[in-house]
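Order as written gives the chain letters A, B, C and D; numbering starts at 1 within each chain.
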Amino acid sequence: MTDTAAEPTGQDNTTARLETFSDGVIAIAITLLVLEIHIPGRDEVGGSSDLWNAMGDLWPSYLGYLTSFVIIGILWANHHNIFRLIGRTDHWLVMLNTVFLLCIGFLPFTTGLLAEHLTHDGERVATIVYSGWFLLTALSFNLLWWYPSRKGHLIAATADPAAVAEVTRRFNYGPPAYTLAFVLAWIWPPASIGLLILLALLYVLPSKAAG
Amino acid sequence: MTDTAAEPTGQDNTTARLETFSDGVIAIAITLLVLEIHIPGRDEVGGSSDLWNAMGDLWPSYLGYLTSFVIIGILWANHHNIFRLIGRTDHWLVMLNTVFLLCIGFLPFTTGLLAEHLTHDGERVATIVYSGWFLLTALSFNLLWWYPSRKGHLIAATADPAAVAEVTRRFNYGPPAYTLAFVLAWIWPPASIGLLILLALLYVLPSKAAG
Amino acid sequence: MTDTAAEPTGQDNTTARLETFSDGVIAIAITLLVLEIHIPGRDEVGGSSDLWNAMGDLWPSYLGYLTSFVIIGILWANHHNIFRLIGRTDHWLVMLNTVFLLCIGFLPFTTGLLAEHLTHDGERVATIVYSGWFLLTALSFNLLWWYPSRKGHLIAATADPAAVAEVTRRFNYGPPAYTLAFVLAWIWPPASIGLLILLALLYVLPSKAAG
Amino acid sequence: MTDTAAEPTGQDNTTARLETFSDGVIAIAITLLVLEIHIPGRDEVGGSSDLWNAMGDLWPSYLGYLTSFVIIGILWANHHNIFRLIGRTDHWLVMLNTVFLLCIGFLPFTTGLLAEHLTHDGERVATIVYSGWFLLTALSFNLLWWYPSRKGHLIAATADPAAVAEVTRRFNYGPPAYTLAFVLAWIWPPASIGLLILLALLYVLPSKAAG
């Protein structure tokens, strides 16, 4: 299971299958989010106006779907970007990537929990779990980048050192921001969710004008 | 997260992983449709004739599965076609693609809603949501093509300008057609669903004789 | 949406993304089969011996999982093999592939239906639907091969004509065999299921000694 | 369906689509694990402290998610490694891979069963099934490696014989270890689960210092 055992085959594109597998897990987790949204049944609603009301009452589910979808989408884009700079894998990179995917794969649960309890008694607990899990996910993602970039031993020879430094610089903002969202969840849950949405929107804006 | 940061690695095939990820999300959303069809339980039916009846009563589910499957299949084919013309990605293309996937990922919900309420009191609401979401999806898809093709800055150097213009011309029909389906849903829901099926069939026919 | 519009980009590997998308749908359908198996709840069983009994009572679910998994696995292998001979796609091939995937995507439903009603009153209906859907799937698969191979216009220039003829010859056995299973389902359901399992086992054996 | 029929197309990368398909199935199975975790409903809990308690009571689900995720992740990494040494496929390799995927695809069921019955009356049965299925999975994986490596007829010409021997040597530890977990499940279930976690941790450590 060490890559040292398998590397003599000398394939150039050693990160390809790791990326394919990661794309699969992230794509599935992001698409499973929809399954946590309860479809209002015929027996729960009567006429048209009742169904509009029932659909409206699902707003925490829509909010959770949107927020989690965008954050997972951003994490995918970041994963995509760091693996354009990473030239090869080794045992620990595969393991750190597995931990990151484990965090991603759990997000449909935390999102469903938030949707179920938002605006009800369990709101605080659900928001703590929701924001706390994003914090864990962000930490595991930063570890996934810190490990190959720290000494640069897995960075592609063709990667621009300035690009590597720029990625490192920007990822430094993630953990403190998610820590703040986690702390806010204990104090005032809506502020925590608002911050998570704001963070997603900030990520959507490029750090420079897009080329 | 800007592509400008990562581009110095100079890979030729910069849209490959975006396509893989999109294929994954679309493939999962299209396959999750089946989970919204309720399997008639033993306790709900007695003898063979009861099960035939119970299976027959599920026709709104089959209709929803078929319609959504074909429309998502067509959207995938269109996505596939525009990315054969798009030569590289940038930050905004990744973001617009994420919005498109967010629309796709929600379709199992709107399809399940339609199947549950068709021929019942909630039919109008469900059809409005169903056709309206396809309209949003079509708009997000057109935006995904408009952005790279508008100035052509992300179009592959090898792409035939006539092919680019032809794709642009044909996509112009989508939003008005889905707007009409959305408007019809408010007036007479069956006409809206009939139009959506007709649109799917029209798309199946090639614009010219297939080569 | 015609490929003629997009082909000027002149990519060699034009079937690649079609295969990726198909792999995705088939992989998801085959893996969703497990979700149709009901996990015996704590409230349904008491002690250890009760859980063994409850696990044993699930044998129709295991049988359905096994049979469907192996048949879908074989269909994937066949899909894989014909696309090694198919050199490029066109509009109708994409459409026929979508119909085939639509059939595949519905199999978790027919499998769940069989598992629910096997050995109960609805056994005949469930077996008719189960075997009939495999017949439809086999027909759509044969159409998917007949279209590109009939005149050979989409077959790869490097493909051995003998290999093409051999694939055509072997696929001719599928539809009659599944028709027989479908007919048997009306007469004696267990014989139909037995035949489906036998067909799967026959496919597992290679037509010649594997090289 | 024999590869001999299709091989004349002479593609170099004949294992590529088998790997893509396998990645898909493994990625889906690993991500479906989360669906087996029951989200505590509003009607089941009252205030915040109740939700903390309900979340705490789910620890067997978290344990099952973690253990299964890590073991499937390791199986993926092993699958990835052996296919870096395997140069081409044939009929039997495809069939053995299908059996392996069939084992993987069933793991969400055994994991859900364990989570449901751990610390309750069905604990022993659930642990026997859980550990026994991992044993079957490990055996099918070893068969998948034994078949191409035994005579080396499918091993890539560029593969280092020492790497092949090293992989063979290390996989020999799997079946006895999982057999021990299976035996322990009959005697004292917690010891079986503890051993499975220990095995996962041992696998995480590389056999040599990672390069």
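Here is the rule we use: contacts are C-beta pairs under 8 Å (C-beta built on N, C-alpha and C of every residue); 3 or more make two chains touch, one makes a residue touch a chain.
Computed from a predicted model, the values in this text were never measured in an experiment.
The chain with its C-alpha centre at the largest distance from the centre of subunit A is C.
The two sequence copies subunit B and subunit C touch through a face in which the numbers common to both fall below half of the numbers used overall.
Spacing of subunit B relative to subunit D, judged by their CA centroids, is 34 angstrom. Put simply, the C-alpha centre of subunit C and that of subunit D have 24 angstrom between them. Shown for subunit D are the residues that touch two or more other chains, namely 20, 24, 28, 32, 35. Across the complex, subunit A meets subunit D through its residues 1-11, 17-18, 20-21, 24-25, 28-29, 32, 35-36, 90-92, 94-95, 98, 101-102, 105-106, 108-109, 112-113, 116-117, 120-122, 124-126, 129. Only residues 19-20, 23-24, 26-28, 30-35, 37, 39-42, 45-48, 50-52, 55, 65-66, 69-70, 73-74, 76-78, 80-81, 83-85, 156, 158-160, 162-163, 166-167, 170, 203-204, 206-208, 210-211 of subunit D touch subunit A when the two sit together in their complex.
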